[in-house]
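Okay, so chain A shows up in both of these, paired with chain B first and chain C after.
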Partner chain A sequence: MSAMRVDTKVVMLGKESVGKTSLVERYVHHRFLVGPYQNTIGAAFVAKPIQVGEKVITLGIWDTAGSERYEAMSRIYYRGARAAIVCYDLTDSSSFQRARFWVKELQNCEEHCKIYLCGTKNDLVQADRSLRQIDFHDAQDFAEEIGAQHYETSSKTGNNVDELFQKVAEDYNDSAFQCMADEAAVDLGQKKDSYFYTCCHNN
Partner chain B sequence: MSQRTERRGIHVDQSELLCKKGCGYYGNAAWQGLCSKCWREEYQRARQKQIQEDWALAEKLQREEEVAYASSQGPQSQSQSQSQSQPQPLAQSTPPHGHASLAPFSKFEEKKTNEKMRKVTTVKKFFSPSTRMAPKKESQEGKTPSPSISRQTSMETDRVSKDFLEFLKNLQRPGREIHKQCRAFIESMANKKDLGADELSECVQDFYQNLSDRLMSHFKGSSESVERVMDQVEKYIMTRLYKSVFCPETTDDEKKDLATQHRIRALHWVTIEMLCVSMDEEIPEVSDNVVKAITDVIEMDSKRVPRDKLACITQCSKHIFTAIKITKNEPASADDFLPALIYIVLKANPPRLQSNIQYITRFCNPSRLMTGEDGYYFTNLCCAVAFIEKLDGQSLNLSTEEFERYMSGQASPRRPTDDGSWPLEVDGSASSSTTTAAVNPVLAQLHHNLELLSSLNIRQDRLAEAAQGLQAELASWEEGVQREVQDILERYPLEIRPPPESAIDTENAESDRLPPPLTPQVFAG
Partner chain C sequence: MEGDVDRKATAAWSGCALPPMERLRAARADSPTPGLVEGTEPGAGQQAAMFVHSRSVEDLADEDAGESRGVPQLDADGDPGSSETSETSEKELQALQGEENIIETVQAPKETSWAESRTKEEDINSEGWRSHRKHVFVLSEAGKPIYSRYGTEEALSSTMGVMMALVSFVEADKNIIRSIHADGYSVVFLSKSPLVLVAVSRTCQSDQELIRELQYIYYQIVSLLTLTRLNHIFQHKQNYDLRRLLAGSEHLIDNLLRRQDRDPGLLLSAVTCLPMPGSSRDVVSASLQAAKTQSLVFSILLAGEQLVTLVRKKEQFLHHVDLHLVFNLVCSSSSSFREGEGWTPICLPKFNTAGFFHAHISYLEPASELCLVLVSTDCEDFFSLSDCKQRFLERLRKRGSAYQALKEAVKTPGYSVEQVGIPELRHFLYKSKSSGLYTSPEVPEMYQSEGEQERLMGLYQELHSRLHHTTRPLRYIYRCGETENLMAWLTSGFELYLCLTPLGTKALAMSAVNKLLKWIRKEEDRLFILSPLTY
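Coming up: the complex of A and B.
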């Protein structure tokens, strides 16, 4: 049964219909036309190998259920994630508020998780500036404040999508290089205690 | 009266009730006809024999391994090898929890502790060879059902052990080291039966961690090959530890299992439409996959190795994805998957769901659980369970009143409601009778109750019959006794012998002392 080996977990977070699923689909379909996953299984979980220098890093990309009724469960998803892509819709200011909420959650619960702030549907605001509800610089400031990378992407045109995931893989590679998997491994070992289940009761 | 019947019963079965060993005490069916004392002796013997066989097998395999190693390595390995190259006392042949068998690992541990100060306590706790014998030994035995069952289990364990050694043979030097450490670890765990679940988990996770670190650094394994080895290690170790660490008594896992089971049962009325699941069970291929998914998630409970349990969840998930894909004619996304999984869990009501989740969380190799595809599905299962536990009207787009009414069984979603929140309710005519029963739980419950009642009726009749029979038997017994008495009376009739005649006259010693008989005198008139 052993599926593809995965180096690290990247979780997609954000309000419903900000474009998380589209982002993953865009990225994966763009690069791997006949990967073993998307054809058989859909885009809920994708293992995506990425060339980083000499090495190949395989990201396990975890999409989360969009519907609000499952939002309370999201905590269970991001446990142990080394990276989270927190999405907001450039044309929807409420989605940015939601993104702030996710960032706070991550900072509280997963201190080792690197955050990538991602404004989606860039194509829409480029076609019509008046649609933009989140100023680039406001988001940039917020990103700096929380020590996150900031991207504006379009799943429709593919703009900045590859760059975003490439950066995630590179950052992982760097951090893995620094602490030699040892630290990462200790982390996993220590957090394991009734991991999933305890968290279900807390939220 | 009652005394008589009792005596009759005992009279018939007397010999069978006694201990089969003939010690004179009464035996018990639960102890295979032995008395408690003989049973314990017998049982201990079987156990001892089994343990010896296990050891013998392990020893034999290790010897084979050593031979294979020697022939493959040749003398040049001497320079590199430390204590391992000599066939030293085997972990299995020395009594468990001996210092010697743990030595190589402890040494390596020292090094590790220096590296990671934070882990000092747990590592120490784990590796200091415990001298206190498990005081629970007696009760542990009491828990095991019977020697024959544990023998069966041990056969499976043996098979896993053989596979494991077969696998390790190809690894040569690291293989021997791995085997040794696994054996030592399992032995050390035998003394830790009374630890809490979290501590047990910590022990196992530490072991995985240390072993894979060691494989990485000392044997320069690639991460793929290390992962492959660790999978086998997990299989070997957890097959052996399963019984003592699955749903341990120190936790409330079992209570949670029951609570979840009841909760799911109480939610029987939840329909596929309420959960917005995109699976159309009218399509045969879809319902086929739904059935398979249900079977998979139920089957999880029968596996012993965490990774095998995970594989069941993954299988289940793939069937769900297929079902969605057929329904929607496009690949499923996370939005479709989670609701569908919730639906499957509700339909399956898998046995010991919480225990299984906890067991996987505690004892699965964390890298698999945290990052990979299996981990994704497992996480979704955890979400599904969390959702089911917290589920309320809002999460099904129902009003609180409606939800309460369904929960209390006062109303059924099948009945058209005022707000008509489920459009599919109307065309119920199309669905088959089985789906009607499934969707209309009140009716199903009714049928169920009726069935129960009628079976109760039958049983009552049977009871009355039996009572009558007993009465008749009693009556005939009484008759029988009377007849017997009669027979005996007839066979030995009461003869009242007349006393010897003229006894007074013949043997009357004192007759001479009597006055002479009166003689009649005639008076002339």
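Coming up: the complex of A and C.
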């Protein structure tokens, strides 16, 4: 048994204590740990196979620490990532500012990385609407502006969590397909060139 | 001798190990009171130890002693300085002291985090806050609060301001403030530019012990940030709020402080091993040795807070302080390492304060206590380390009996003092100096409550500071008490601390020491790592 083959790298980003680890825990282990908050140290890696259509895709998920201390080395975690789940806490407006920071960082350094904006702790908001500090439509607008998918999840109830990762995997699958198509297109293009050439020549 | 034959075999088999010197082997076998010479004591490794060679506490305190030797202790009342400072200091002390009545704050280490969040919110004007036995504060040289063990840092900013004022006032006279003693309290200062650490203690620990504890805290902070970064930050912005960078890691410092009250390893500057058959341990070590990669410097296998084995790159040594920081990181971090794999930068300050290593942290199996830490120099090397772990695990599984023995050992991580067969012996600590490893039985029932356990540790701390006193060190101590008799013995080879029933005599204690040393010699294969390996 050697290290699991990973198809695509997914990175979790966001301010500390927004619930990145909980989201991964819920998705990978189907559980929600109640207890005192424990921050992630450095980053944790977990590989998770997921069924997309008839294929199985293995997501390599990097759960990074939100602490500012690790900011300088966050690049080693998101470099080459095909998808980034940028989390913010629906009940904490400062975490949304932080999410904007991460989006900018990704747009500057990792342009091929697809962004998924994820508002966490939806259960709290459902229970008490006055706790909500980030309006759904504001976040939606921001997501559209940056061309990102937008989700609101609850790791406690599991609401929308599987959907989010399923979407990540499907998008990867499509884009992988797209890539192959692109390559094919390049080939075709080359032929087209010669075709055009001959065309013109004929004319 | 059976043990010897065994060792000879392993030495030949391990290949890269230096053969033990003949003199050494002879001494091992024949010495009636083994271990009076360093390198021949029970538990001594066959080659140079795995750790940086260390002489216990001196090694932690020496840098400090060097710079401040000859500086007189400052007495709060006898402060020769200006009246202004001594006034503020007295007022401050009063604020810190509170009343004399002792309220034991019992904190079970397992349910700490809840307790922790409570202590953080504690009101600093309350009796509860004042009555803590030991406060620890960390501040920047600008007097900005960085860490407080109890209460929030914001509420303490004026208190910390006063502390800094004391430090700089004494410094202005080209002097260094080391401690203040008043009314049963010790206030100990450790200035480690750009940080200042202060302990306020009602325990009977010596200044030296408190300084040692503060050093650990200092190293913990450096381990999170590196000294280079720390210096850089404060050079650019003197009044930087370092809490921003330490956010979320306070519990590492909290944990370290708690361990200092109960873990003899921090006191002895040594680590303890998981007791297991030597032959199985050697198989585990060899499997770990085989799973290497270019950038790997140390492979450390832990079971809880005990070391199973450690394999290191040739010429590179791990310092026990650094190893304790690794222990602390693993033991106090979240479950995220449990099933995934952790990848974190870590500075090992005794190795190098300037840069980060990168540690791959994973448990061998999700439900297992066995945690593998692979320390690498390359931050990009996650996947090759992940592969090393897999290779190690595969090898281990192929050698099923050794793996089984290891799993069995994890189930019974301690041994009871009864196994030693000395009726008057209740508990002991034995450190082999040359290997930097120590062994100690489980705490007997009568010392098992939190308070009693800390009291026992306190007794050992006291003995330790008497043995290692900077000006009047002792070699033997025998002390009769109402609740127990204590004995401590320091040789060039080992350090030994015994807790005996109060009914015994000195002669009985002496014979207990001899019997104990013979027992440890007999069991050394199981209790220590005798043949450490390198890549």
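One rule holds for everything that comes next: the second predicted complex is superposed on the first by the 166 of 203 C-alpha atoms of A that agree within 3 Å, B and C clash if a C-alpha of one lies under 4 Å from a C-alpha of the other, contacts with A are read in each partner's own complex, and residues count from 1 in each chain.
Quick note on the criterion: a contact is a pair of C-beta atoms (placed from the backbone, for glycine too) under 8 Å apart; a residue touches a chain by one contact, two chains touch by 3 or more.
Small disclaimer: the values here were computed from a predicted structure and weren't measured.
Using the contact criterion defined above for the overlaid structures, shared-chain residue A:G80 touches chain B, although it does not reach chain C.
Once the two complexes are overlaid on the shared chain, A:H29 sits against chain C while remaining clear of chain B. Legend: residue contacts after superposition of the two complexes on their common chain; A:S67 is shown touching both chain B and chain C.
Look at A:A44: by the touch rule set out above, it reaches both chain B and chain C.
More residues of chain A are in touch with B than with the other of chain B and chain C. Touch criterion met: A:T8 reaches chain B, while chain C stays clear of it. In the overlay built on the shared chain, the residue A:T21 is in contact with chain B and with chain C.
For the contact definition in use here, the residues of chain A common to its chain B contact set and its chain C contact set are 1-3, 21, 38-45, 63, 65-67, 69-70, 73, 76.
Within the complex, the chain B residues that touch chain A are 115-116, 118-119, 197-198, 201-202, 205-206, 208-209, 212-213, 216, 223-224, 227-228, 231, 276, 311, 314-315, 318, 321, 324-325, 331-339, 354, 357-358, 361-362, 366-367, 369-379, 382-383, 385-387, 389-390, 394-395. Every residue of chain A that touches chain B in the complex is listed here, in rising order: 1-9, 21, 38-45, 47, 60, 62-67, 69-70, 72-73, 76-77, 79-80, 181-182, 185-186, 188-190, 192-197, 200-201, 203. Only residues 1-3, 16-17, 21, 24-25, 28-29, 33, 35-46, 63, 65-70, 73, 76 of chain A touch chain C when the two sit together in their complex. The residues of chain C lying in touch with chain A in their complex are 113-114, 116-117, 224-225, 244-249, 251, 329, 333-337, 339-346, 356, 359, 379-380, 382-383, 386-387, 390, 394.
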